[in-house]
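Notes for the one structure printed next.
Labels for the chains are A, B, C, D, E and F, by order of writing; each one numbers its residues from 1.
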Amino acid sequence: MLTRPEIERVVAAALAEDAPWGDVTAEAFVPAAAQARAELVAREAGTFSGGDVFAAAFALTDAAIAVTVHVADGDTFAAGDVLATVTGPARGVLTAERIGLNFVQRMSGIATLTSRYVAAVAGTGARIADTRKTTPGLRAIERHAVRCGGGHNHRHSLSDAVMVKDNHLAVLTTAGTSITDALRSGMQSVPHTMRVEVEVDRLEQIPAVLAAGVDIIMLDNFALDDLRTGVALIAGRAVVEASGGVSLETVGAIAATGVDVVSVGALTHSARAIDLGLDIRVDAAPEAGAS
Amino acid sequence: MLTRPEIERVVAAALAEDAPWGDVTAEAFVPAAAQARAELVAREAGTFSGGDVFAAAFALTDAAIAVTVHVADGDTFAAGDVLATVTGPARGVLTAERIGLNFVQRMSGIATLTSRYVAAVAGTGARIADTRKTTPGLRAIERHAVRCGGGHNHRHSLSDAVMVKDNHLAVLTTAGTSITDALRSGMQSVPHTMRVEVEVDRLEQIPAVLAAGVDIIMLDNFALDDLRTGVALIAGRAVVEASGGVSLETVGAIAATGVDVVSVGALTHSARAIDLGLDIRVDAAPEAGAS
Amino acid sequence: MLTRPEIERVVAAALAEDAPWGDVTAEAFVPAAAQARAELVAREAGTFSGGDVFAAAFALTDAAIAVTVHVADGDTFAAGDVLATVTGPARGVLTAERIGLNFVQRMSGIATLTSRYVAAVAGTGARIADTRKTTPGLRAIERHAVRCGGGHNHRHSLSDAVMVKDNHLAVLTTAGTSITDALRSGMQSVPHTMRVEVEVDRLEQIPAVLAAGVDIIMLDNFALDDLRTGVALIAGRAVVEASGGVSLETVGAIAATGVDVVSVGALTHSARAIDLGLDIRVDAAPEAGAS
Amino acid sequence: MLTRPEIERVVAAALAEDAPWGDVTAEAFVPAAAQARAELVAREAGTFSGGDVFAAAFALTDAAIAVTVHVADGDTFAAGDVLATVTGPARGVLTAERIGLNFVQRMSGIATLTSRYVAAVAGTGARIADTRKTTPGLRAIERHAVRCGGGHNHRHSLSDAVMVKDNHLAVLTTAGTSITDALRSGMQSVPHTMRVEVEVDRLEQIPAVLAAGVDIIMLDNFALDDLRTGVALIAGRAVVEASGGVSLETVGAIAATGVDVVSVGALTHSARAIDLGLDIRVDAAPEAGAS
Amino acid sequence: MLTRPEIERVVAAALAEDAPWGDVTAEAFVPAAAQARAELVAREAGTFSGGDVFAAAFALTDAAIAVTVHVADGDTFAAGDVLATVTGPARGVLTAERIGLNFVQRMSGIATLTSRYVAAVAGTGARIADTRKTTPGLRAIERHAVRCGGGHNHRHSLSDAVMVKDNHLAVLTTAGTSITDALRSGMQSVPHTMRVEVEVDRLEQIPAVLAAGVDIIMLDNFALDDLRTGVALIAGRAVVEASGGVSLETVGAIAATGVDVVSVGALTHSARAIDLGLDIRVDAAPEAGAS
Amino acid sequence: MLTRPEIERVVAAALAEDAPWGDVTAEAFVPAAAQARAELVAREAGTFSGGDVFAAAFALTDAAIAVTVHVADGDTFAAGDVLATVTGPARGVLTAERIGLNFVQRMSGIATLTSRYVAAVAGTGARIADTRKTTPGLRAIERHAVRCGGGHNHRHSLSDAVMVKDNHLAVLTTAGTSITDALRSGMQSVPHTMRVEVEVDRLEQIPAVLAAGVDIIMLDNFALDDLRTGVALIAGRAVVEASGGVSLETVGAIAATGVDVVSVGALTHSARAIDLGLDIRVDAAPEAGAS
């Protein structure tokens, strides 16, 4: 659930960037009294995300514009479906058009791509998770889109979960401390509500990490055989996350190795925007008064 | 030239998103006294952009971190080149690493891709321009990156230049007015410092648009032959911009038709991040005091 | 068209400045239950601007206040006309009164003064334009007011159009480069959607500037005869803008020299606030309960 | 004393308005390596105000620019005096020039005008005070300028002092309550650190107001004779403030009536900007590298 | 009267802190369609404050939540009273519950404690005032709560009233100046709308301070006998404020010494939150659709 | 580690609240040229926290003030210790004094109280954790102070960990679902990096909760005997957290029951500010020039 202030924040920032002091084209070429009616139409099938954000783009531009969204976030749609209707002063509709479309296309693109990854691992018991590789400033709405597509969120930021990587391990073991002792030592100060994840890049690191009692082990860029061996080694004593080299082609086989989670940066950094169009019909105002 | 407040705004927003209340991993697993020295190293060749933004990512996280950037924005670099050096408290270096890298990789990616498009049209007299298809919130820094790569900026927003599209023309001609008269009418209220651009999607529209005395005509999704015909028709009476279906493969032929500008959405919406790495060496502090 | 976020930004800033922690007089001397009805009345004739801003001043102070604006931005009004009606809790009406009046008086003052300049050049073909000499923080609403008065906007900021002044020319020609070559060189990197304006202060500079192919030449502080000579020299090859020494007394003669644009700093830096009054009738609440 | 955050707030807002995404003219026509040296020179005599704000305009644009201010706020200066020196990258100096000048001209204009009013009442014992008629968003710096000129501040806002006007009195006396009782009643809830001021517009109102024990009585738009009568009536039992119809010509006579304070809206709403110039010398960089 | 922007500012800040990217528990464990009805119930008697702030907590989280507040700020209530009703989507109600409760409990706690101090001095003529010892960021709403409890506000900040303390006096008298002369000198530049308060910590300081003509004398940490002596010494020539060592047990005796004001830091820094509960009844949606 | 933007945010907000347009007392009664030297001195023993925040209070007020902090966050100190030294213009030192002290007293108070709780459970193996009962707007700095005292953080917000309470369970089991099934169902959508905590208020609820495989069980307001029984029942299959009725007197016995975590709201909502004083010595400037 996106909070209202977060939705307004991202939309207001986009509007301030794209129309900082209005829309000169609309003001010069569209009469003030002209009214528009527009439909958000799917040009291809997909999974919907971003209805509230789409609506806010128009409402923040001009409070006289009304938006009705006909589908819920997470619903699937077919090519040709009318997803939302926009009515109100034509100038504001034209000004907000691109901003509204950008958000809903990007979010629905993420939801749709996520749903394909989810479908590709159906039956394996593995979940699809996102990563921190989101667009700067849009993390909350992109993670929401991942959830709309049936995916799961990974940690949101450096503040809310622990992920120990090679650089951290290098420091921890500088003075000759073993990895196990080093991890145990650091884990003393981690909040008890957080899980501790450690990234490993070869099988030999697993026993020492496991001995420290960590919650999640990320197997980074492992071959399929090594993933299977890793799952067997860990044997349920930690959540197993696979990462690296994941595509729609490979994700099924990766999930079939028995890992619990497959994290996929592509969900957010490579999702193609879904092709949605805004079909606008502008009526010159009956009273014809351009101002 | 990016202004200092704009640089600080984008970096602070990214930091607030990625470490809203600190970095639990660094705090738990890295001693407070540990110092780090890191080098920004190119893993592949490219054109540099974002030095100030990279430096600000570390400085805003911890003012005790010093960053020296060894290349200027717009310089080219080779794989293996050391582009910047970062020294200071290890915790802050690790916290800011991803944010700093993200910006400089994205910006250098845009600069590099732009430079390839620029090279592909060398000798034709056409310039490469960006579009409004930038990442929400990052328009100013992405447009800066385009300039670093030798490209030119198109309009920044709806507020600073006029672009008349089909929807606008539809309104203008509702009451039976001719396109020429309609354009002339709207142009009366456009600031004299702005140029007026009109988008056309077929050759037949050009004479009426030209008759109105517009400054720029965008030929949208024209075949090469039609581009050549369009250029001949316009005959220097307006700037000719080609748009749509532009790739590194096609841009040379498009530019060779004689158009003045080729606008390329891909510069910003499809640039691949350049592979830059931050090689970090963390020293446990001599006094070994973890806090 | 002012965007809603911009209107709310300027009004909220004014309110935060003028009533940072409420209105002690209203709270101490006006019962909480008292209701007020107020009318915005013109004390003199003029051109209206700022209806939405006036309404927002009351709505942001107390959402229970209703405002109906009876005229559109750009309409003319006569002394005695009732321009808007405000009804709601008396405390909030009294708190917001000065802020609401300030904006609408200032904006209508600019619109009215602009309309006088526009009338003074009627029939000459010249347009009246504003300058960057606006009140810090209020540029968007003051430029809107200029448009309400029938004037045109000049560039909004340093970011959206090129204006080459003497300091720039001094740099350009330091190394012995001619003005023409220097201008041509710089113009290579200007976005194709922007016009290039050059300011000259004597007739001799015109041929070199014209040879560079600039779009607009500003004749700064020229005598009437020199303006006429300048217009003849330029002969339609660039837009001609006159600037400096412009007043309601002189603008007609300046426009009659054949220049295309007369830019007038006075529109925004010297417009007298229009005399509008808010006639308030406060009713003690029937239940007479002061809280 | 202006606080540092307030100075940075007003300057950053002005910069965001005047160069939201940089300065296209400087970037296109001034080499990145060019250095400038500029002097802030007085074109006329006056009283200085705004040194810190002037310096911040350049520092916020580019931290590499150094500003030295040679006079203190409140000092007087003569035509030709060099008030400050600016050195650093030419692009940033040119970008910030107008913003820096605007603030220091406006603030010094207010300080200078205030000092003339102060001189005009010398020897009378009356003080000159400002009003809330300040530029929206600039109240703190304009009130500072008034103090630099030897004037005094009135209340800052509706939140920090009580001023009972006719509309308030109308409510207070609706139910047949006497003015004295009504004022006494309201004064019960006024903080003991605040003074209570009541505005009257005719002599007959004074006894009732005085009987309530108010601290300050404002005689609004009184003739000189009535001012003298009012001062005699009040006889030291309240501070007497004269307001309305005050100009440099009339203020001496008004002060000579024996009033304690003369409040002058013109200090802030009608101060003419002092003529200060920024003489810039731009050096092409020795290495001549335009970027 | 709290202004609407101030209410929204504090609530939005609290929401951004407590649910920066939503409420994972509500999203995972509460169906999207579930509706809730909640009642704000008093678990103990008290004085109410914060109705608008409570309502805004829910409205800002989800605009579909409706809140009706049944009592006015300043009203008293008994244990068991239903103070407000909240209805709408269960997720948002649960997310906002703690923020809404926190504000109304804190504010009503301050109002209730204030009302006890006010009752304890009934009949003495002394007023109870707050201090600047408020929670950082919440000063405006905590001072509003003091007023709801029948207390009075002291100065809001360093900007709106003068309080001369020992450190200031130390500077003033460094060069051998007498306290009286020093105070008189400083008072020349204080705005005439502000009162001047001086803090003294022993009786001997009073005559010199009084001679300067200050408005308020604060007797800091005086014994009861000394307070009586101080009141007699001052004899109505200044407002007398007692401060220090004030508790519900001592305040009656302190007020009985004849002082005009007793300022009590405890009103805001030690008020216990009033025990208010939000009784929530969540209905699974009829259509039972968890999303 | 507090990030620099967070420190500046809280300090700037406090300064804007406490000196929105400067410090009238300092400006009227302290010469502009006066210099001060101040020492932060401990009046009682404690654990330090907030050095960076204390320094920022002065630096943001006037960049000419230098602050040296002599102890690190987390260090203990004795009564009489000099913790920091402040030097610079006296006006700014006096203006920032209260803000700087407030933060460091509050933070050191939390750190000191936390360290007492930590000492009281020494040897039991239980950790002391904070709660969300922090001061609105100050959560990040108060949680930092808890860590300085040797305590641990609980979840930061509703966004970063799951806590299922009675209201959530009520919804989950509405349709006759068992608690175990309901928890399992909801846990499907919780991010794998988060732990799931469930609050129970009687022993009978434990088996069903445990069966669902939750990570943490909070025993809320359990008697000591019941805590021991609960620990035995859970038998290491979940982290056990005790909450409710915790004081310095009871915490040792609670920890001795074998629970893993004792969460203590008092750490942040009831910590007494540590008594630290700022001993200021103000020197009138040699040149004695008050401005």
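Basically, contacts are C-beta pairs under 8 Å (C-beta built on N, C-alpha and C of every residue); 3 or more make two chains touch, one makes a residue touch a chain.
All figures in this text were calculated on a predicted structure; none of them were measured in a lab.
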item	value
Least step count from subunit B to subunit E, where 1 means the two chains touch	2
Interface sides of subunit C and subunit D: same vs different residues, half threshold	same
Selected from B-D, C-D or A-F, interface repeating C-E by over half of its contact pairs	B-D
Subunit B and subunit C: spacing of chain centres that average the CA atoms, whole Å	32
Separation of subunit E from subunit F, taking each centre as the mean of its C-alpha atoms, in whole Å	22
Inter-chain centre distance, subunit C versus subunit F - centres from mean C-alpha coordinates, in Å	50
Residues within subunit A bordering two or more other chains	19-23, 26-27, 95, 139, 147, 156, 159-161, 189, 191, 194
Chains touching one another, given as label pairs in label order	A-B, A-C, A-E, A-F, B-C, B-D, B-F, C-D, C-E, D-E, D-F, E-F
Contact set on subunit E toward subunit F in their complex	10, 13-14, 17-31, 34, 90, 94-95, 98, 102-103, 132, 135-139, 157-165, 167-168, 170-172, 174-175, 182, 186-191, 194, 280, 282-284, 288
Residues of subunit A that touch subunit F when the two form their complex	127, 129, 147, 152-156, 159-161, 189, 191-195, 197, 216, 239, 241, 260-261
Touching residues on subunit B, where the partner in the complex is subunit F	12, 15-16, 19-23, 26-27, 32, 60-63, 91-92, 95, 291
List of subunit A residues in touch with subunit E within their complex	1-6, 72-74, 139-140, 143-144, 147, 156
